[in-house]
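Below you'll find a set of structures to go through.
Paired with chain B in one complex and with chain C in the other, chain A is shared by the two complexes that follow.
Let's turn to the complex of A and B:
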């Protein structure tokens, strides 16, 4: 790991959800760090806790969620124990988030301009309440998102814009308040592939220009490959593998990552692989030990014993799997 | 499988169909009226294609290109505005209420969202036994036993008949929907984005099941999707739709190795891929720009001219027609 201090450091985060019948133990010991200007991918299938992780960074978790342990350090301060006022400043000036569904993220009864201006006003980056200055910033943000005719767009309501345009508005809103970490939660899942290409380009250009760190959540490994420097693979509330983007695609170690990569239909047309059998475990009664064991073809009695250690198999490439632990290797060598 | 319509070839003569075609769509149009009088949403605007026996056709396009409307018209769920649809030699350009029972048995559809296409108040056994009873596939007393067999065919346990859709995962639900379509032993299935709401690891399983069934029962599929990489692996031929028109149609391999239409190239170059080998296969990058125009105001000339980097005067004035570029490879572009 790099020696410099991380911009964002999530340590041993546990998040449970109070549901009928007990607590759903969703996030189980999540560790994640982001450095200034770095582009991180958080990859996994639906229901694996990607969104819960970033929502806890923003502290916008639903009421039923209980943070059962761990800390989230942003520039050294613990977000989870922050007072509301400090939190507002943090959300306004340092963190910004793009949500998956731009239809739900924008209020249908206010104009786009009103919403962007509100975001700027509450962030506190402008002193006082100078309307023309705020509007200027909003126009600048829209222009940066290559929106045609930003003055007209400001007076439009969200329903007058297409899906791609709405997502651009959300990005503009996130950008208007110069932030040091942008969280994009599946920003292109609802968009067509050609529009996805445009939006991804836009996000990448903007974060590179402003030296903003990016956490990109996606279930599409292809998108993660195009956009990120480093990838965390998540499964059932655990980080199962972390490595640089090239490493993940060239030499994945975790059986889940391998299975996931195999399941993707390829343009080379070699047919469809088998996929991964089975389904996500029940979060109310998660299996002891590795949460992937029921779907894993390499599972052994080891895997049920305890949470697999996060092992550095090769420098900067970490895997949470017993197969790569020393004792397993010894066993395999025939002791 | 019965070939009760094969002999009635009179319809084929009219539209120049061949004996190997199971479904022929000719100059099909579907317009939906808008609030303003005299203006229409031209969801499908004059498309023609055919599906051969035992073939998987991939119908690909962005949202709003008219893929699903095409499927629904074929199924009779929408009345068509103009044109005709033939299925095994028989004209089926009528709504589903006027279609014969044997036709409904032979042509089936699987919808995109298995959460809403299965009745939440019925258990799986009841859901699967309905088509068996209506079409009298098996005697009344063997219905549940047969439902169990259908579930086994798609890779679920027969005990699933006692479960309700809500207690199944998304992938399992879709398998039940496939089993239901399979119940009547159809000749052709229309699959409307059957895996787009599912995760890739589940998708792989379902696609494999679908392909096995297709080979086993020699069915034809009209497979609607927006996922080109998926089509590369399963389709025999691919048709690309843009704004209610088919702009390119060709055998799969040719399609990916030698794409002709600028829109196809744009689509292919926009796909995020995971392997270097795939990257090498993508055509030269065409910068994606603009968005799909509204199907109410379709641009004059070529529909794609507003987004096409190669557009010139002719493209803005006259609409290109589909023509054969190579054998079996059709393109609608002035430049090809």
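Let's turn to the complex of A and C:
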């Protein structure tokens, strides 16, 4: 996997938010790469910067966000330095995104058909403005999302559809313009439990069929386990651990990842799970060094000294934690 | 299209009931307010016999329901009685004064919608920048300043200090033949461009004075509702789908954002039918608002009832038009709440 060039490569991304009283340093040195056809999970608790990371890729951050440093290379081109026109082509043809809330992600006053057709039209995948061809593509996309009666759906307004149907429409919209990277931002959080599974399967089948890479944001580890090949664990604007999905579940290294896994309720378990004490740090005045130290039971004076290095503990398994750095040093020095 | 037709017919059906209710209400109120209509009509020096005759002629001795029925029989035939001020048929007065005010209000309403939405959209597109801040300061000024203050200021500036606009009246050149009573329309129908231009110049000052408060309100409303819509996920989704920002703003955001603005302007149009009074007085503009207020001051019963009724009808028509526009802008109104 190492030899080929990554489809998406985020390097040292820093994103700050202008707030009253200064800048909130939300993303602090995020590194992430995705290879063609790969399914990536981005896991972490609410407010840890998962959505900010993917919105940076699409360049749809809110106005008060400032990209303070880093680069986002897509097929070798820096998305952050792209002109609007090139960016729109990229968004239209290569990238697509599914939002968390399908109710908010569809414009309430236009028909579903108009919205899908406009997405197809402006992506530039059809030559010129051939209405019937565009409509055909829209119907095809809806059919692939197993929507019954796609012709009728095209004339419906979003409010006439159920939540699950709306999310299918969003997926169809993302799918209609053949993309090489699909970003799904908690696509099932706002859906009925019975629909969640269907939608997840739909997404997985579609990306596998089209060899599309997937970044799936979720705070549900169960979903991540089922859907992804590789997982990035994020905490307070940092990537704290990265490994294949199997590894993360079998042998987590970072104290935060361990805490997350211990928080999963099990059907057989009794009572409420352990959870992790404490809260996310203040982004306005983040602690020096490791951002997890205040909640970490292994914290030592070492942790406040500087940002922990991202260490490859075993091949293809990286952790940002001093504990492993010490042992690594000891091993290396033979102490 | 069929659902639209049903929607309009429903609204029209309801309007009939509203109008009958309104006429009963105003008929009673006009007769409750103090003052003797006979004395007001004939003067304090009228003989008792003449007053007596007036009361009999106008059914003032009969019970209120009977009086109303007499009035209603006439009204259905388009006969609203005689005005005691102008000593003409009220219907003739209305035919003369209503189009003048409607023309004025239409001018003001167009200014409100176009100006308000344009300024609001500009403001929302560049929040926190110079243009946004100027629009916001100006709109505070606009909301805080009543129309008659603008009217007097305009008159001083554009008719006295720098006389480029006519100060009073509707038209200075010979009037075009009155096909509709709307001077702009009549002069166009007659192919008389000189009259058209002159009538238009007469509309600019009173129309703008009347509209400014509304423009300011509409601009603020549009800005707020566009900002709100711009922060919604669907804007992100549309941009993420590769649709250019300009198009997203001009089409996808402006349309849902314009709905509350249209409602605000509709309310303002209704209010203008009454508010036009001071502006009409200042510019000696022969409109129905001025006529109506004079009728109330002089207890001109027939004129009061007729004017209120006409304003009511106009209000209902404006509302139906606005509902149609709103349901075009936002299909949720048409498909979900069409019963109200």
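In this section, the second predicted complex is superposed on the first by the 322 of 335 C-alpha atoms of A that agree within 3 Å, B and C clash if a C-alpha of one lies under 4 Å from a C-alpha of the other, contacts with A are read in each partner's own complex, and residues count from 1 in each chain.
The rule we apply is simple: a contact is a pair of C-beta atoms (placed from the backbone, for glycine too) under 8 Å apart; a residue touches a chain by one contact, two chains touch by 3 or more.
For clarity, every value in this text was computed on a predicted model and none was experimentally measured.
In the superposition on chain A, A:20 makes contact with neither chain B nor chain C.
Applying the stated contact rule after C-alpha superposition, one finds that A:260 touches chain B and leaves chain C untouched. Looking at the shared chain after the overlay, A:177 reaches chain C, while chain B stays out of its contact range. In the superposed model, A:123 lies in contact with chain C only, and not with chain B. Residue contacts after overlaying the shared chain place A:89 against chain C, while chain B stays out of touching range. By the touch criterion defined above, A:164 reaches chain B but does not reach chain C. Within chain A, not a single residue is touched by chain B in the first complex and by chain C in the second.
Within the complex formed with chain A, the chain C residues making contact are 127, 231-234, 236-245, 247, 252, 255-256, 259, 329-332, 335-336. Those residues of chain A lying in contact with chain C across their complex are 55, 58-60, 62-63, 84, 88-93, 95-97, 99-101, 104-110, 115, 118-119, 122-124, 157, 159-160, 170, 173-174, 177. Interface residues of chain B facing chain A in the complex, by the touch rule stated above, are 62-63, 169, 171, 199-205, 207-208, 211, 226-230, 232-234, 252-253, 256, 266-267, 270-275, 277-278, 281-282, 288-289, 291-292. Residues of chain A that touch chain B in their complex: 45-46, 162, 164-165, 192-198, 200, 219-223, 225-226, 249, 259-277, 279.
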